[in-house]
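Multiple structures follow.
In the two assemblies presented below, chain A is common to both, partnered first by chain B and then by chain C.
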Partner chain A sequence: MILVLSQSSHELTTEEVMDWLEDLGLPCLRLNGEDLDADSSWSARVPGGDFEITLDGRTLKLAAGDIQAVWFRRWAHGRRDQPVELILDDSRERQEAQREISSHLDQEMARLSGYLFSQLHDAAWLSRPSITRLNKLEVLEEAARAGLEVPATLITTRKKHLEEFMRTHGGIITKSIGESRALHLGDYFHTMLTAEIGTDLIAQLPEDLFPSLFQEKLDKRYEIRAFYLAGELYSMAIFSQIDDQTRVDFRHYNNVKPNRVVPFKLPADIADRISRLMGALELETGSLDLVKTTDGRYVFLEVNPVGQFGMVSKPCNYHLEQRVAEILARKARHGNSPQPV
Partner chain B sequence: MQDKSRIFMLFACCIPVLGARRSTICDLQRQTFRFIPNGLHEILTEHRGKTVAGIEAAYGHEYDAEIAEYFEFLIAHELGFWCDDPDCFPEIDLTWKAPERITNAILDVDAESRHDFDKILRELDDLGCKALQIRFYDAVGLAELERVLELARYGRLRSIDLLVRYSEEMAEVDLEPLLRKHGRLSSIVVHSAPEDRLKRLPSGALLSYRTKSVDSPHCCGEVHPRYFVTNIGCFSEAQKHNTCLNKKISVDTRGEIKNCPSLARSFGNIRTTSLHNALAHRDFRELWSINKDRIDVCRDCEFRYVCTDCRAYIAEPQNLYSKPSKCTYDPYTAAWRSA
Partner chain C sequence: METPPNLFEILTEDAKDRVPVAYRAVEPIPIAGAPELRLVESRSYRARGYFCKAFYKPVSKCVAPEPD
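The block that comes next holds the complex of A and B.
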């Protein structure tokens, strides 16, 4: 049995991979993160007990011994948000307490997921969740060691150093050191994307900054999104430069005239270095961002260990959903040993 | 001034298709097509990967001005780009694949039908069917619609399109809640309605009232640019398959299992056999592979990979490879005959 860990019910990529698994004759079971906390009921006995879950009116036993392979597609909780009655008059205090409780409940769920995953330790995973959070800075170090070119990067608390960096590189950008987050303020969602910063903005900054990351702004000919899947590399070029709206970060989508995206073949030496990097990071899957500069260099930006492969697979017609199913089938049969499909 | 040593490349999602009189570039990403002269088609295909100078020379420098103009047109419409590394830009692989044994189905219903919806839906689900159209030619009650949709609630269907006859019960206030409740319901089209009206819900679902009456399968099979679909799914499927009948199964009003309700041949009645059995018949898939490249006239048409097909209503009923009879386009003159 193959266990598919996913989220929410309408997740097209998950459904497509499961259709291919069925085509290959492999039974699979899907568990959404929300199933643990939203509309289902379940219990588990520790130690060694099976998870017993009731989904859509059916009761299932999730016994670690029955699961040969796990596909970690994604995992998120939609925590049961039962309001907690608090005996506090001050509304500000109440708000703070609510926030504390909420973060405590998140932690409870995280521990619980951790336990579920560790129970499945002996199965062959397509991407173990323990490695799904990477440190961008460590990744840059590893990429450089693997022979990939990385952008000049400065992390500083000194405005003076930032100004020097700006003088050396002309244009610079900033982005978060860790994961970018979405902030929900009032009616708006604010997302943290890569942003260019100019001398005007720098002039307004105080001398002392919160430790912040800056990188040289690359003159892009096009961007490359490459999906790495168990030793194979599927790439796509993104022409974000035709359009002003997406020039700095292609995630500022233009919905009227979407960026041109086409299949791309990385030169063999760059592909080799990427494999070396993925090996060093012990990643079996990942979505990599690179830039081809106007002067013809390939510069590595970052890797996302889970990554959406649908956005590469669909426009390039790579059928990666089928490929993922084949790799899971191989894992279910042979475990993690690398055998050709 | 153009630099003559440059190489022009179409974006791989923009694919030139040669017609008898003119050609198209099918833009599978932005889902449109543009007409180009056949001369430009030749430049883009036979001279693919050559420098501008190379192409000019190939035509004995007779058309230098036209060639420059062509490339300006292609760049201005973002159909391609000047490329320094052509080896990195492969053509898109047009292999079509689907894991499902059946991808889409039609179920016809009239006042005399005695369908076992539960059985049909279960069998479709087992075959992996993703899209279902149910056509009610005669009046149907709201409670009956609700019952059928409830049966389809937990299956693998991704979209259900309903065609229903207008009646008092088919008012907007009744059908809108239905669309909201059943997320897979992508459209309800009400035929024989008192007026033409169209409403799109925030979810994207469509509620449409049409005065035209649809009282039998004969109303299907029309060929018109408004039915063209220019995307990678259809374009790649059309390379080797019939875009209407491939992986389709149908049950007509009498329960006969067919490729399409408009076709004569039955592979058994759903009351006495199963969809699986019908599908297993060696002739059931015969029509699936009749793509436009194998159909008279269509094979010379620049729309052949974005056009729908119909094998039920054809120009010469004796000739399975004749053109759809409801098409009024003539690729040899590049003109639509006005109806």
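The block that comes next holds the complex of A and C.
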């Protein structure tokens, strides 16, 4: 049995991989993070107990000994309290109590998930959850050690240093130190993607800032999204530079006139350095963002261990969903030992 | 649809100086203007549903009835 750990929304590819697993004759079970609370009932006895989960009236026994391979695609906690107000009163004191309750419930769910993952320790995993939460700054350090060029980066609380950085590089961008967030407010998502900042904005800033990340603005010929899968690299060039909406970050998607994308082969030395980086990060999967600059350099930006790969697979006809299924099948049959697929 | 205030604009003056600089560049995107969502009735032991973007090829098996 192959266990697929996923989430119930914002997840494009899980079902397709499962269809390929079925085609390969391998039974698989999908468990969404939300299933642990929001939409199911279940029990587990500790120590050594198997999980017994009831989803939609159907009871499943999740016995660690029956799971040969696990694909950690993504994992989002659901909580049955989310649709309701926890405390009736919007005073500041009670709002704080509500935040603390919510934080505690999240922590409880995180510990529960951690226990479930640990029970499956002996299975062959395609990406273990413990290594999928990366620190963007540590990754930049590791990328530089692997021989990849990275953008000049400054994290600072001092406006004076930001002004010096701007003078040195001419153009700069800012983005989150951690993962970017889309904050939901009313009928809108407020997205926190990469944004260019100019001298006018810098002039408005206070002398002391919240710790913020800045990078040199790269003159792009095109952006590259690459998907790394167990030693294989599948890349796509994105011509985001000619559209003002996507010029700084292709994720400011133009849905009316999408960027042109084409299959792309990275130079062997860059691919080798990426393999070295992924090895150092102990990652078997990851969506990598790079830039090809107008002066011909390849600059590494970041890697998301659980990034989407449908956006590379579909336009480039890479059939990555099939490839993921084949690698999971290999792991189910042979464990983590390297075997040709 | 009326353009909403930028998230940064609705912060208090105190808060504006106490959040990361990236908050000044947060952009509102209307949820209704996002790529069309397709909620697919999946097999019960799989997903409740998932996003389907423009380039995404729907999987016909996902809309098939549960096998006996």
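Here is the rule we go by: the second predicted complex is superposed on the first by the 324 of 341 C-alpha atoms of A that agree within 3 Å, B and C clash if a C-alpha of one lies under 4 Å from a C-alpha of the other, contacts with A are read in each partner's own complex, and residues count from 1 in each chain.
The rule is simple: contacts are C-beta pairs under 8 Å (C-beta built on N, C-alpha and C of every residue); 3 or more make two chains touch, one makes a residue touch a chain.
Computed from a predicted structure; not experimentally measured.
**Q** Just to be sure I read the superposition right, which of the two partners does A:Gly170 touch: chain B = first, chain C = second, or both, or neither?
**A** A:Gly170 sits against neither chain B nor chain C.
**Q** Counting residues of chain A in contact, which comes out ahead: chain B or chain C?
**A** C
**Q** Once the shared chain is lined up, is A:Pro267 touching chain B (first), chain C (second), both, or neither of them?
**A** Only chain B; A:Pro267 stays clear of chain C.
**Q** Between chain B (first) and chain C (second), which does A:Leu201 come into contact with in this model arrangement: first, second, both, or neither?
**A** second
**Q** Look at A:Lys314 in the shared chain and tell me whether it touches chain B only, chain C only, both, or neither; answer first, second, both or neither.
**A** Both partners, chain B and chain C.
**Q** Mind working out whether A:Gln322 is in touch with chain B, chain C, both or neither, as first, second, both or neither?
**A** A:Gln322: touches chain B, not chain C.
**Q** Would you check which partner chain A:Tyr188 touches, where first means chain B only, second means chain C only, and both and neither mean what they say?
**A** In the superposition, A:Tyr188 contacts chain C only.
**Q** Based on the superposed arrangement, let me know which partner A:Pro47 touches: chain B (first), chain C (second), both, or neither?
**A** neither
**Q** Touch test for A:Trp20: chain B only (first), chain C only (second), both, or neither?
**A** In the superposition, A:Trp20 contacts chain B only.
**Q** After superposition on the shared chain, which partner residues are touched by A:Pro258: those of chain B (first), chain C (second), both, or neither?
**A** The answer is both, since A:Pro258 touches chain B and chain C.
**Q** Quick check on my understanding: which residues of chain A belong to both its chain B contact set and its chain C contact set?
**A** On chain A, the overlap between the chain B and chain C contacts is residues 10, 15-16, 19, 56, 258, 314-315.
**Q** Please name which positions on chain B make contact with chain A in the complex.
**A** Contacts found on chain B: 11-13, 29-30, 78, 81, 84, 87-95, 97, 99-100, 128, 154, 156, 158, 183, 232, 236.
**Q** Hey, which residues of chain A end up touching chain B in the complex?
**A** Of all residues in chain A, those touching chain B are 10, 15-16, 19-20, 22-23, 56, 221, 237, 239, 242, 257-258, 260-267, 296, 314-319, 322, 325.
**Q** Please give the residue numbers of chain C that touch chain A in the complex, ascending.
**A** Result: residues 1, 4, 6-7, 17-35, 40, 42, 44-57, 59, 61-62 of chain C touch chain A.
**Q** Quick check: in the complex, which residue numbers of chain A touch chain C?
**A** Its residues touching chain C are 6, 8-12, 14-16, 18-19, 29-30, 32, 39, 55-56, 58, 60, 162, 174-177, 182-183, 185-193, 195-197, 201, 205-206, 209-214, 252, 255, 258, 310-311, 314-315.
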